[in-house]
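First chain A sits with chain B, and in the next complex the same chain sits with chain C.
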Partner chain A sequence: MGKDVMIKLNHVQKKYPDFSMDCSLTVYPGMITGLIGANGEGKSTTFKLILGLIGKEAGEMEVLGKKRECSNDGKQPEKEILQQTGVVLAETGFGSYFTIHDIIPFLEDLYPEFEKDKFLQYCEEYKLPMNKKIKEFSTGMKRKLQIFAAITHKAKLLLLDEPTSGLDVVAREQMLTLLREYMETEGRAILISSHLSGDLETFCDDIYLIQKGTITFHEEMDRLLDAYGLLKVSDEVYKKMDKSHIICRKKENFGWSCLTDQKAYYQMHNPEIVIEKGSVDELILLMAGGERI
Partner chain B sequence: MKALLMKDLRTLKNERRLWVSIIGVSVLFGVLFQNWYFMMGYIMFGLSMIARTMYQYDVADQGIVYLMTLPITRKEYVKEKYLLSLMSICIGGILSMILTKIGMLFTPDQADSNQEIFSAFLGILAVALVLQAIIFPVELKYDVSKSRIIILLLVMGIIILFTAFDMLIGAILVAFITIFVDAFGGIFIQHFLGTVLLSAVVVGMIYFSSYRKSVKIMGQKEF
Partner chain C sequence: MYLIINHSSMQPIYEQIVEQIKEKIINGEFSEEMMLPSVRTMAKDLKISALTVKKAYDALTEEGFVVTVHGKGSFVACANQNMLLEEKKKEVEAELEAAIHKGRSCGLTDHDLTELFEIVLEG
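Up next is the complex of A and B:
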């Protein structure tokens, strides 16, 4: 395992009766890595494995320079690692019976580098009610609170599972801006999952696609948006065209939809073909519903 | 662990009406039935539920999943719950001893010595700690509804066992206990401190074993 790696999963395996994981991915310092996939494909399971909420059965895992073994008792990361990690997990959060004032001393004790003033500033700026119980917060407010708690203790690594779900468009952009500001400090990294592909396209440096517990695709975001394209061709055109740069295809009413990583090639050699810009949505739809070539 | 204790004490403060009600109701029972030891037991057993109730609050809304992503070890989590349990039972006991003494001032015919009150406190403390030692690992291992059924079955099992025992060899057992008490009862009364220390060691061992079991259960739990 290299030195400069924030997270390294190498064939990390986990088996359930109706689902199994075999996941390999790497998150480097200075990078925002996206993890995408349909519901139930293993995104949350990946986060839980990294956080030690569930134990891996095989494979190698390294988080912030520390290896983790397979045994049940060893699955939880060391406290020092968790102090350097900020977490937002879908469908979990602070206890409902607390107010923001209640959780501040709790965070101060857990994180030696907790930035109380910054936390309070964010809560005030984004209008979180300080004296209301968290159970009375909206989904968006709860999410914002988790994000503020994750980014105000000088964490090196953020693990964000659906951090913008429940937020409106404006709030989503505000939170993503905060996360970009968080990344301005050197040596940090984010692993983020989201259903909202638009968020990831403008935010992530690279993405992993997970399907049925396995990583089936990995690419830099710039390349995905620039070089990838969606070809829409009839059956006749499909028969004649060069398929060497087609990654996957899907049968449609009009013929075929094909994903290529060489959009420029087809623009030059097949100018008659309708080519749409590559996007995360198209990637997921084709990889999930199509067949690999 | 300090953060966890702060969190639970904050929750207790937010839910103080519940715990004050338990104490209030037990005082009412004590006054109505003129039975101060019943009041003592009610307070101590009532407050012994605090740690388990805090665990149930953590489990609600998946809060415990989030807690486990924070810099808190699972061992610390269990340690804090056992410490909180011990603290709450002892504080409940001290409070109930004070209330019992006050109550007995109004019922001089029922007044007992301080040693007798203290002995009652120790007896209830031992039973409360042993019950906690049995129940908490069950609640940790199984979800709340399943653990309630298991605990109910355990209690029923114990009652059936004792009933069966009593029916089969009850008379022999009573005779044996009578001989034992006649022979050795005086020793326990004369050597009160020794008896207390021996009981403390036994109860302490049970409580510690339960703690170790709970740490193991928590370590293997998947969220």
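Up next is the complex of A and C:
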């Protein structure tokens, strides 16, 4: 996991009348980076900024080794970024009156390295109807189509905004497996957002939490699962215990829920406390609903 | 390569990997110079983060169980008998420690414990 970066945002800002964004994050080659956050906190805006679908107003942005300006709205995203990335956004982006057969020439035209055979093989394997209009596809079929198109042109970078939404648990696992296979080629990277924590816990290497347009938390997934924990304590115990390793707390009817990044410390010093493993869900719930200390 | 990861266990995942690979090296299932899967492949197979796998490989390398050749991959190192013995010794020590701890916590004296130890040894 080298020093090069795939994406670097340094205080990239964007203002809307009711929402403003100031986002900093880095995606390294060989890494799967997750972006989590509740609805409306700025996940999709981040993807659109990276792709150049909307322009930034301030800050520095580097994508695939080049500084990106794209400061005016409505500008077409740079072709180079489009060709070297695989993208899944909320909208399919495929004309809904087309069939899969119809869109193949577009994919061949857009992506110089489009792997048509592989694409068709995936479509067949996962039973996508070749001659049906895309607008008649189920949500799950549309998602799968987007994912197949994203991973079959030797893209270096995948930008996946909620790629698993609308998929059932079996299909979700199948798609994540395809994405894991994609990552086996060296030098590739994925930036993925999801609000399904299960996707992220077993999939990501690095995780960012976005709240109100700003990154409020960043940690390696591995550390989140191993070192973080949720303490459940009564008021009485809470008053007495050492709070130096507590990140945030939330009032509960039994006392307090506390998030720690040093689970082992409390296991050793307060063996009587109930400690649960760290998880993405608890992290979001406590960071969003609790107070930081 | 068959490793089984328990996501509900309190034991960190990388430790689970380290332990299982060590065991396979010690019991001879993994032979010397055998190549381990790449970090990404292992991450895919076990459905865990690549960083976790990397951490496990680093720990195994540091303890001398695995050699990592840059650009080529990770290989099972010379399974030195002394090293394996040392590893087993550490395990026995930990188990004895746990037994002593248990004994003391219910009020046995060191003398009682030594006596018990000798009875077990003779048996």
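Methods note: the second predicted complex is superposed on the first by the 282 of 293 C-alpha atoms of A that agree within 3 Å, B and C clash if a C-alpha of one lies under 4 Å from a C-alpha of the other, contacts with A are read in each partner's own complex, and residues count from 1 in each chain.
The criterion applied here is as follows: a residue touches a chain if its C-beta (ideal position, glycine included) is under 8 Å from a C-beta of that chain, and two chains touch if they have at least 3 such contacts.
Everything numeric here is computed off the predicted structure, so don't read it as measured data.
Once the two complexes are laid over each other on the shared chain, residue contacts for A:55 go to chain B alone; chain C is not touched.
Once the two complexes are laid over each other on the shared chain, residue contacts for A:94 go to chain B alone; chain C is not touched. Once the two complexes are laid over each other on the shared chain, residue contacts for A:32 go to chain C alone; chain B is not touched. In the superposition on chain A, the chain among chain B and chain C reaching more residues of chain A is B. Look at A:181: by the touch rule set out above, it reaches chain C but stays clear of chain B. By the touch criterion defined above, A:171 reaches neither chain B nor chain C. Chain B meets chain A in the complex at residues 2-3, 6-7, 10-11, 14-15, 57-58, 60-63, 65-66, 68-74, 219-220, 222-223.
Those residues of chain A whose C-beta lies close enough to touch chain B in the complex are 48, 51-55, 72-73, 76, 79-80, 82-83, 85, 87, 89, 91-98, 102, 105-106, 109-111, 133, 135, 146, 159.
Contact residues on chain C toward chain A in their complex (touch as defined above): 7-8, 10, 12-14, 38, 40-41, 43-44, 47-52, 54-55.
The residues of chain A lying in touch with chain C in their complex are 1, 30-32, 176-177, 180-181, 183-184, 186, 202-206, 220-222, 225-227, 277.
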